[in-house]
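As written, the chains take the letters A, B, C and D, and residue 1 is the first residue of each chain.
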Amino acid sequence: MPTRLTALAAALMLAGSVHAADPIKVGFVSTLSGPGAGLGVDIRDGFNLAMKQLNGKLGGLPAEVLIADDQQSPDIAKQATDKFLKKDKVDFMTGVVFSNIMLAVGPAVFQNQTFYISANAGPSQYAGEQCNPFFFNVAWQNDNLHEAVGKYVQDKGFKNVVIVTPNYPGGKDAVSGFKRYYKGQVADEIYTKLGQLDYAAELAQIRATKPDALFFFLPGGMGINFVKQFVAAGLSRDTQLFAPGFSADEDVIKAVGAPMMGMFNSSHWAQDMDNAENKRFVAEFEKEYKRLPSLYASQGYDAALMMDAAVRDVKGKVSDKKALQKALEAKRFKSVRGDFKFNHNHYPVQNYYLRVIAKDAQGRVTNKTMGSIFTNHADAYASQCKMK
Amino acid sequence: MTAATNSAKNAPLLDVRGLSRRFAAVDALRDVNFSVEAGEVHALIGPNGAGKTTFIHHVSGALQADSGSIHFAGHDVTKLSMHRRVGAGMARSYQITNVFLGLSALDNVALAVQGRPDAGSSFRFWRPVRTEHALFDAAAGYLEQVGLRDKQQSIAGNLSHGEQRALELAMALATQPKMLLLDEPMAGTGPEESARMVELIEHLARHVTILLVEHDMDAVFRLADRISVLVNGQLICTGTPDAVKNDAGVRRAYLGDHL
Amino acid sequence: MAFYRPARWQKPFAFTVLCALLALPGLMEIFDQSYYIGFATRVLIFALAASSLNLVLGFGGMVSLGHAAFFGIGAYVAAICQQGGIVEGLLAFPLAMGVAGLFALLVGALSLRTRGVYFIMITLAFAQMVYYLFISARAWGGDDGLPLSERMQFAGLSLTDDKVLFYVALGLLTAIMLLLGRLADARFGRTIQAIRENETRMEALGYPVFRYRLVCFALGGAIAGLAGALLANLTGLASPALLQWTQSGTLLVMVIIGGVGYLYGGVVGALVLLLLEEFLLGFFAHWHIVLGLLLIGIVLFAPKGVAALFDKHRSQP
Amino acid sequence: MTQLFLEQALNGLQFGLMLFLLAAGLTLVFGIMDCINLAHGSLYMVGAYFVAAAAQAADSFWIGLGAGVAGAAVLGLLLELTLFRQLYRRDHLSQVLATFALILIANETVRLIWGPAPLMLNPPEALSGPVEIAGFFYPAYRLVIIAFGLAVAGLLYLLVAKSRVGMWVRAGASNREMTEALGINVRGLFTAVFVFGAALCALAGGLLGPLLAVQVGMGESVLILAFVVIIIGGIGSIRGALVGALIVGTVDTLGRALLPTLLRALLPADAAATLGPALASILIYLLMAAILFFKPQGLFPARA
């Protein structure tokens, strides 16, 4: 559903001649409807907030953001991407939430020599052997947040863990990430259908297993339902819940509320992080959208900042792909997560923190940063990437 | 019935034995024994709701009986589907006119010719039908037999009721039947048309065996060699028109109902 | 519903359109609109799929709500072939047709024994079963679908060039339309149309109705399989979404918009629907509301176009 | 193990009863009006949205449920009067097309009004926790759903089997012409049945809302299941719908729970877990095919 959202300076468009400036075009294909919609909407809102702060410009040039909903379906995403690449001839692509969709649209984007700035999906394929000069991930590699949880669960001495993830590439990455640092017994690995909403059967299975900890990665509405049903089934009495930040951020907290308090999770970003960029981001996001930003929103925001800095760096000459790649790699923007740099595979090397869900000073249930789990952590696949 | 009976030389063309059928709580047909000899016109009569149409449906294969057997031309057709019975030489016309209204009279009959086993398979995907002259020549012949020679190119929907019934007869004939099942061919026709229809059936009867179900008693007594009477799902009498006319049971069932 | 009889202008008109289409890719390149070559290819492919349903629904009178299954199977066969190293379309496309056709034969053999709503729902249920099968098959990509790492070849020509794919799709559509046009007028077409009009009468004329219906159903499935194989090449993905029943509904809508039982009904319907989608969507994101109202309008106020063609008093599955 | 089995059986019962609420209306519309209604799932979706919206506005789940069900009944009434009444006498193709169009309209309208993101509906506070039964904890809310389902099933039984209206409905399902000939206001009866079906849809949607998510497209997948239920049960039969729904609910839930365990003995964990749910969903269709093979009219054919 490509709704043409013209974020370009209207005055300039109306006053200037048609040829005056070819705007920088960004194709934004994301999941904006269905159970995964919360994620895409947050990325979009974060991205748009940055565009607003930049006065609708990227690197000082007028910019246009074309938005399409992939409905969490790989082929709708492919169709929309194709249109953006071939018809609108966009300069950047971004927005995809889910790794399976990323893998479906990636080849067409790379073949077209268009830069993809992933604000979320970080499949292991693109971090390792299939790494590509045109792919950047401004968020994390899929495994990272799971690795952080795995390390924490290991350090805390849990011995019997059940893992629940959806059956898709991101879910596989989650399991391998978690198990890379958690060395104890895994009582059961439960794979659900992507988009599943009723977990009655799985919860009964978990109850029968009697684990002391449960690690789950269920993005969006799936996680919301899972936590609600987990609590309703009375399982929270005997089993400690752990999740990556994806399953314990504002979207889930807002829907589930107080029952989530005390749940530990991992993230590379938190809304209480103490730096000027983040304070401005959180305050303005709340003002604009009347809710707290999630990590997805922070990633969308960073993606826009990253494009802005790179376009400025090449002085608007986005057709010079080599120069643009260098500029993107240089990472000349200030991220809301604090400092980080790109690895040679175009994935971030950054810190990961432990968060816990608790009430903040204003009495809202939200995430609180507890300390760091990893510092300057890179992903496990970078060594397989032959790109320099 | 056994094969021995069927192979007997003078076996009837159609031989129905012990046919029964129940619908819910109603006995539609009860142990009906009925036969049609080759070459005769055999009429089946009975009051409304006696089960005549149900009986015809069973003979033609539109319905399957609970018990009993049907033999046709020496073959056991009890379990055969309708189109196989047609292949064995049984053709039927319908109470309600049943032709393809959108096609010309000639096309209607050609479709019937095309369905014949000797006309070859209809799994032909390329050659336009209109170039298959053999089908249309044969069809024209049947139209002539029923007196519709001048109406070949008329769309069936534009024909008069009587003409449509005649067209249906032509289609039935085109299947080259050994026996024609005519279900109330006079229904809904005016006096003039009925007279023509009676003539037509008389004419056809010279070539083909006919099982006739009809309400029009004048027509029945004029056409039939033998008459069977069905009352409440039971066959109460079979015989020559005169014998049936004088049968006490028939008078009671039939006339008694009316008087 | 009358038997199919082409209008006199139909043939020259179709020929003119064909000639115009031959020039389309060149024109699009001149105007730097090569995106629309892909779009036009999509229209051609859906025209093929809708025409295959039109054969089943329009000519055969079978209201199938599971046609997407054959469409999707064709796409998967193409993707599996490509992964398995069979990249020649001359080999893979007939294979896709064969597998889809055989499956249609199986589904038809089971569901054509039923009538009315049962037939509609059973075709729907079979399609849904296929959908779940493919979703579960990890080897074939499960939920994510099976990607083609590269487009196939056709008679040695690489389909990676959008223009080549366009011409191949155009050529195949032309060939199939030619076949369907001849078929409608040949014995087989006459027979299935007559069966649609009056099943019992045809049975009473000695036609093995079931067999003709089944062949018609399977042929429709095979052609849908061809369309699916082409679509997989266009999008580079055999997606389970192609198998979903809503896809069957969309094909049905195409046929009905274009004209049930008209030779070019599927083609016109695919063109109209995809054009509407491509251009209305930009203006009104919720254009499905308009489409829905339009369809209801067709049903209620243009029964000549739809309902009268399938008179209830006549038999139909 | 018995505990696990018992819990899964309860889950199956809960799922089956919700399917019954959907299938009951559908089977009557099919059976009596001979009308195929693909938009039945949309009534379920719209009903759920009504309930969610009303619950948010009133800040009470129960008020929301009542208001939402009433709203859906009114919508059903409007649809029956304006559209379905025209469709009953049409051929099935027209019905398929018109009700497919309704799905498109319903999905888009809901998206227009409530946006593309799912609505969240929370169960009443008191029911959000677990209760202890037979030595294990079970979500209180699921028990409430089961209670509702059983109550509706009981009510329907009384209504259809014992009341005069029910007699007409049964008569209508088995022989429409006869019922009309007996001078019963069939038109009014149709309207009433349709409205009742719509209300049951909304009830199911509203009750499942807190468990699942209220979102666009939620009606389509459940519609197919409802179809399977009534094919198995026999079109037009309430009893068939109940039995069919319980069979489908139990087979689906138990299959989903036990097949992976079974398969795990034979296959690696993730392969087993992948195959399991899919096999379980196919299980229903295989069951349907088998039942149709032996009883083409379903288990409880309404028509003789």
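Methods note: contacts are C-beta pairs under 8 Å (C-beta built on N, C-alpha and C of every residue); 3 or more make two chains touch, one makes a residue touch a chain.
Computed from a prediction, not measured in an experiment: that's the story for all the values here.
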Excluding chain C, groups that stay connected where the other chains sit: A, D | B
item: C-D compared against A-D, more contacting pairs; value: C-D
item: Length of the line joining the C-alpha centres of chain C and chain D, rounded to whole Å; value: 31
item: Chain B and chain D: spacing of chain centres that average the CA atoms, whole Å; value: 49
item: Mean-CA-position distance for chain D and chain A (Å); value: 37
item: Approximate Å spacing (C-alpha centroids) for the pair chain A, chain B; value: 77
item: Residues of chain D touching at least two other chains; value: 111, 274, 277
item: Multi-partner residues of chain A (at least 2 other chains); value: 167, 193
item: Of all residues in chain C, the ones touching two or more other chains; value: 135, 142
item: Touch relationships between chains, expressed as pairs; value: A-C, A-D, B-C, C-D
item: In the complex, chain B residues that touch chain C; value: 60, 62, 81-83, 86-87, 91-92, 94, 98-100, 102-103, 111-112, 114-117, 121-130, 132, 171, 174-175
item: Residue ranges of chain C touching chain D (in the complex, touch as defined); value: 57, 63, 65, 110, 113-114, 116-118, 120-122, 124-126, 128-129, 132-133, 135-138, 142, 245-246, 249, 252-253, 256, 260, 286-289, 291-296, 298-300, 303, 306-307, 310-312, 316
item: Chain D to chain A touching residues, read off their complex; value: 1, 3-4, 7-8, 11, 14-15, 111, 116-118, 120, 122-123, 128-130, 132, 136-142, 210-213, 215-217, 253, 256-257, 261, 269-270, 273-274, 277
item: Contacting residues of chain D [partner chain C, same complex]; value: 30, 34, 36, 38, 83, 86-87, 89-94, 96-98, 100-105, 107-109, 111-112, 220, 224, 227-228, 231, 235, 271, 274-275, 277-279, 281-282, 285-286, 288-289, 292, 296
item: Parts of chain A lying in touch with chain C, wherever the complex brings them together; value: 1-4, 73-76, 78-79, 82-83, 86-87, 100, 103-104, 107-108, 167-169, 193-194
